[in-house]
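Below, each structure is written out as structure tokens.
Two complexes come next, and they have one chain in common, chain A, joined by chain B in the first and chain C in the second.
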Partner chain A sequence: MSNIGTKIYGWLDERYDLTALVEFGKKKTVPIHRESVWYYFGGLSLFLFMVQVMSGVLLLLYYRPGADQAYESVKFIVTNVEFGWLVRAIHSWSANLMIFAAFIHMFSVYFTKAYRKPRELTWITGMIMFFLAMGFGFSGYLLPWNELAFFATKVGTDIVGVVPGIGEFLMKVLRGGDDVTGATLSRFFGFHIALLPAIFSAFLGLHLMLVQKLGMSTPIEYEKADNSNLKTMPFFPNFMLRDALLWLIVLNVLAILAVFFPFGIGPLHWPLGLKADPFAPAPAGIQPEWYFMFMFQTLKMIPGKVLFIEGELLGIFAFGAAGLAWTLVPFWDKKSARGEKNKLINILGIAAIAFIILMTAIGWL
Partner chain B sequence: MKSIKSSIAFLLAGFLIVAFGDTGLAKDECLNCHQELEDELQTPALKIKNDIHFQKGLTCADCHGGDPTSDDPDISMSRAKGFRGVPSHQTVPQFCARCHSDANFMKTYNPRLPVDQYQKYKTSIHGQKIVKGDEKVANCVSCHSVHEIMPANNPKSSIYPVNLPQTCAKCHADEEYMKEYGIPTDQFSKFSVSVHGKALLEKKDIGAPACNDCHGNHGATPPGIGSISNVCEQCHVVMGELFSKSPHKPAFQEMDLPQCETCHSNHDIIPPNDDMIGVTEQSICMECHAEDEENDGYKVAAQMRMRIDSLRVRYEKAKKLLEEAEEKGMEVSDARFDLKDVYSALVATRSDIHSFSLPVVLETSNSGLELADKTMEKGKQALEEYNFRRLGLGISTLIITLLIIALYMKIKAIEREQKTS
Partner chain C sequence: MATTVNSEQGSSVNRRGFLNFLLGITGLGWLASILYPVLKYLNPPELPEANISSLKVGKVDDIPYNSGQIIKFGRTPVLLIRDSEGTFKALHGVCTHLDCIVQYKPDKELVWCACHGGSYDTDGNNLSGPPPRPLEKFAVNIRDGELYVAKGEA
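This part shows the complex of A and B:
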């Protein structure tokens, strides 16, 4: 370390006891086994979130909220601003890849039962961040104020309104009135760039702190085996550098996708299209983002009435209950907590993945 | 007990009033009787329920006279009671005109309905022939039907725009029926394949003209040679104005040629195309203007066609360039907007052909050509930008890939060192 560096380190160490932190980092290891590959998806989600923050800040330099300016400003970004098209494409692709990485991270943690004691809160904070990420997606989708975004938001917020009791109130809160208007856009802009990032950052800090404190979880089968045989690698620098290697590879993929498909590809697309017109008829083929598709398709397929309950309401309750049960899995999966195998968890997880893939495919076809 | 009895009597009386009290049907003995009769005597009573007159509260007696309150035919259909009976073919127009020419009476039902039908009818070929005793020529009921008359805006009506050509064709497409008049009977078959006929009959576009829009309805008559452009101009305003100022107007008049019809025909008007203009074999211009480099008409036709072709080719080129750029993910919505203006200029140039004036065509086409060039330039720039992006991507990918390799080697080196230590 250079002389100045040593001096700065010394100054900080004297006040904040950095040596203790460095010692902690030196001792920190990551288990090596067949499932180690899944450890990288948490870091990858974090990397893509950082890309989101950086590209989002750049977009913010030119984006103007408001029904009479939003569409024009996004159009200006992609046509006139130097590399504006690239920043928007990166922001859009990175958002989708982040959700995808978060899905893989969530399912890998689920199947390896990494949520079991003592990591219950790590799982809970992760799940909250997953829901917040979806909120980022939903609120960000409206910001270009184009036709597709307008009607997709209308349909999405209509679904919220179905919930008995608080549904209508929630819908009005989201929309800032009875209908999707410029007030909704201002509100979603606020959610997207201030409220959600603030909450997300708090949970992200907590999540990372818990990960550092508790270390990486070892799957049950390796934990039960003789621990002295389990290989490990130091977190610093080995795992961190491997993480960085994957981030660079993903950055390369992101650049290729952004250049060749700046407005997306297939069902994963975000063309600017026409400006939102509340008086125009809804265009054909309104679809939510891919990660909402399985829920949207299920609600579409449920009959209007199931026994005495409204079909849509039943669907919303079912998804709510399933989401809650999924989030609380560390508290009801007693077997895994005791270090025993739990096949039911695997069956439920596989069923959930199959259901998501099937419903998404039906929605797209 | 007494009160119960009086209540029942009151309810019964109420029921009878509601059931039979105020229905025209119950009072109108004409309908009651004719419903029980057979064939043509029964038909009017069955059809009349769909008739606008009946729906507005008029009864049989309002047209035919007589006493509808009596069920005795000798009284209800007696001349003493004003019974007029069935009008003859020749007297139908006057029969209808009793009310329909009476502005005071008609405005109590529909103030917007004209009251000049009979006056116009008298000026029509139909009206002129009927007074000469022609028993076959159309009168009111030939087109409007009898006893089932519906307003023109009712899609079931025989005079609803989409149904009107068929109504006229009942007589005018019947060779046998029309034989003695010596006029063609192919109007409907020609109209059906025309641009107007397809729009009206296939697309059900009631904005497209039916027979009456060119020939008039009650005053139906073939438009004279000199007035055809006035007829077409009702819809094709710009072309009509340009033509009336063009050198073709006096020339056609002198040669006794119908105006629009000479180039576009009448009933079988096909969608116009660029081949109609110019000096090729398919060109209509060549029917009058001989192939002669010194002939002004020939020269103008050739140059006008050249301008249209240039504009069309450049429009298509610009469109192709923008499509290619869009396929490659480039944002060219502004250029797309310009392309619409180029297309508008092409349409305007095609319209300006009707001026048959080269300067007019040049002025419009020049602005279009200029814009087409600008749009093509925007398309080319978008494609150049795409290539620049690919180059930039190539360089950055190379740098990132080198970093990946370097990092990989660093990790391997660290791990080797850790193993040995």
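This part shows the complex of A and C:
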């Protein structure tokens, strides 16, 4: 058996120089320090993304897009198909956990300033994937074509239309018309299963390549200390096995959540509810998924007019500007790039987290 | 001798520059010839809408006092209200804030949007919450005990 393995390895090595890759892998190390725990969350997001791909492919076997079939097919999946409820529950739970893991990954990279030179593009590709993940969430939310999804999508796409100049065009492109209809569903389905996965995979590949190229970032204070004292562990097999253990634990947590709470718990819920009806009043309790809640709540609290600007326009611009500044942080945080402490970054980060938590809490209460 | 070489190099650089310029222009034209149809394709065509000017809703007596319902005025949802005094009012049923469908709240005798808690009076004027504009009014006519909703104010 091992003989065959050696032969295959030899065959490949002769052609593609596998030994160089193995040597590279042997040299790969992970720094050990008090902040090391944060290194796990990127890998965890990746693991949950893989769960999403696999459970998504399974859902595709029965899901049918279209205003007269989508709701029925999801109902069929959760009621008739064996373990269909489980696959849908895994897909929903894993989506939420993935966004959560990505949030932690993003904030930990932010607070440890791991985005600083030379890892600016690693941060940018990560932020792009973060926005794409939100796009996945938003487009996937509509696919069951139920009442909640219908109105959440109406609101979400209407917000786009407020942007001056291109807003109307963008909104029509997103909706496939002036209103949210079956045409919107077709488009969102295409975004969710083809367009977004294609773009996401490209950025994921780039992100992982950059991580390999540059290695793990060490926080400034450890980097400045005498480097020879800094302990490291080999990636293969030490860190990889730890990663694998965490993935296994999370897979179990995911299974427990999906089995005991297939439709979610508390504010994290995705009941199928009623089928979308474009001529029914919006039901009470319309809310977006938790990671959009702080924006939704802020828009709700801004009055219709602030001075002479429409409130929602102001809100959208504020969020757009904040998101852009956040994404570009490696380029304006010059201090961290020089290896100096930058308290302003920490204050802004804590303010952002406090704002998100506060607004989300108000939204849920 | 040296000058000739230089001038030859110069001319070849110029020729290369010129060819690159042409290539660039061709490339842009090629890109535009792809992007233009794609952008046009993304923008959905206008669907012809049956031009309804008036809609028969039903018998006046069948509609209870202090109630509201959404009726399909072509593709437009219209909120038909009968207030507690029996007067009929029809309003465009789409919230001016973010496009949700509004409803009549009999307990407060108000029009309310569940998405962001905006409210309007039964004449469509925005009272509280985020809505920036009033709801458009539709005309209500009664002929032979039948109720008709029509475009424009009565």
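The rule is simple: the second predicted complex is superposed on the first by the 364 of 365 C-alpha atoms of A that agree within 3 Å, B and C clash if a C-alpha of one lies under 4 Å from a C-alpha of the other, contacts with A are read in each partner's own complex, and residues count from 1 in each chain.
Just so we're on the same page, contacts are C-beta pairs under 8 Å (C-beta built on N, C-alpha and C of every residue); 3 or more make two chains touch, one makes a residue touch a chain.
All values reported here derive from a predicted model rather than from experimental measurement.
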(request) Based on the superposed arrangement, let me know which partner A:248 touches: chain B (first), chain C (second), both, or neither? (result) first
(request) Between chain B and chain C, point out the one touching more chain A residues. (result) C
(request) Classify the contacts of A:179 with the two partner chains as first (chain B alone), second (chain C alone), both, or neither. (result) second
(message) Quick check on the superposed pair: does A:238 touch chain B, chain C, both, or neither? Answer first, second, both or neither.
(response) first
(message) In the overlaid three-chain picture, which partner chain does A:85 touch, first (chain B) or second (chain C), both, or neither?
(response) first
(message) Quick check on the superposed pair: does A:335 touch chain B, chain C, both, or neither? Answer first, second, both or neither.
(response) neither
(request) State whether A:155 touches chain B only (first), chain C only (second), both chains, or neither. (result) second
(message) Taking the stated contact definition, name every residue in chain A that is touched by chain B in one complex and by chain C in the other, in rising order.
(response) none
(message) So in the complex, the part of chain B that touches chain A is made up of which residues?
(response) 329-331, 333-334, 389-390, 392-393, 396-397, 400-401, 403-404, 407-408, 410-411, 414-415, 418
(message) Residue numbers of chain C touching chain A in their complex, please.
(response) 42-44, 47, 70-72, 75, 77, 93, 95, 97-103, 113-117, 126, 129-132
(message) Using the touch definition from the top, list the residues of chain A that touch chain B in their complex.
(response) 75, 78-79, 85-86, 234, 237-238, 241-242, 244-245, 248-249, 251-252, 255-256, 259-263, 272
(message) Taking the touch rule as given, give the residues of chain A at its contact with chain C in the complex, in rising order.
(response) 151, 154-155, 157-159, 169, 172-173, 175-177, 179, 183, 278-286, 299-300, 302-305, 310-312
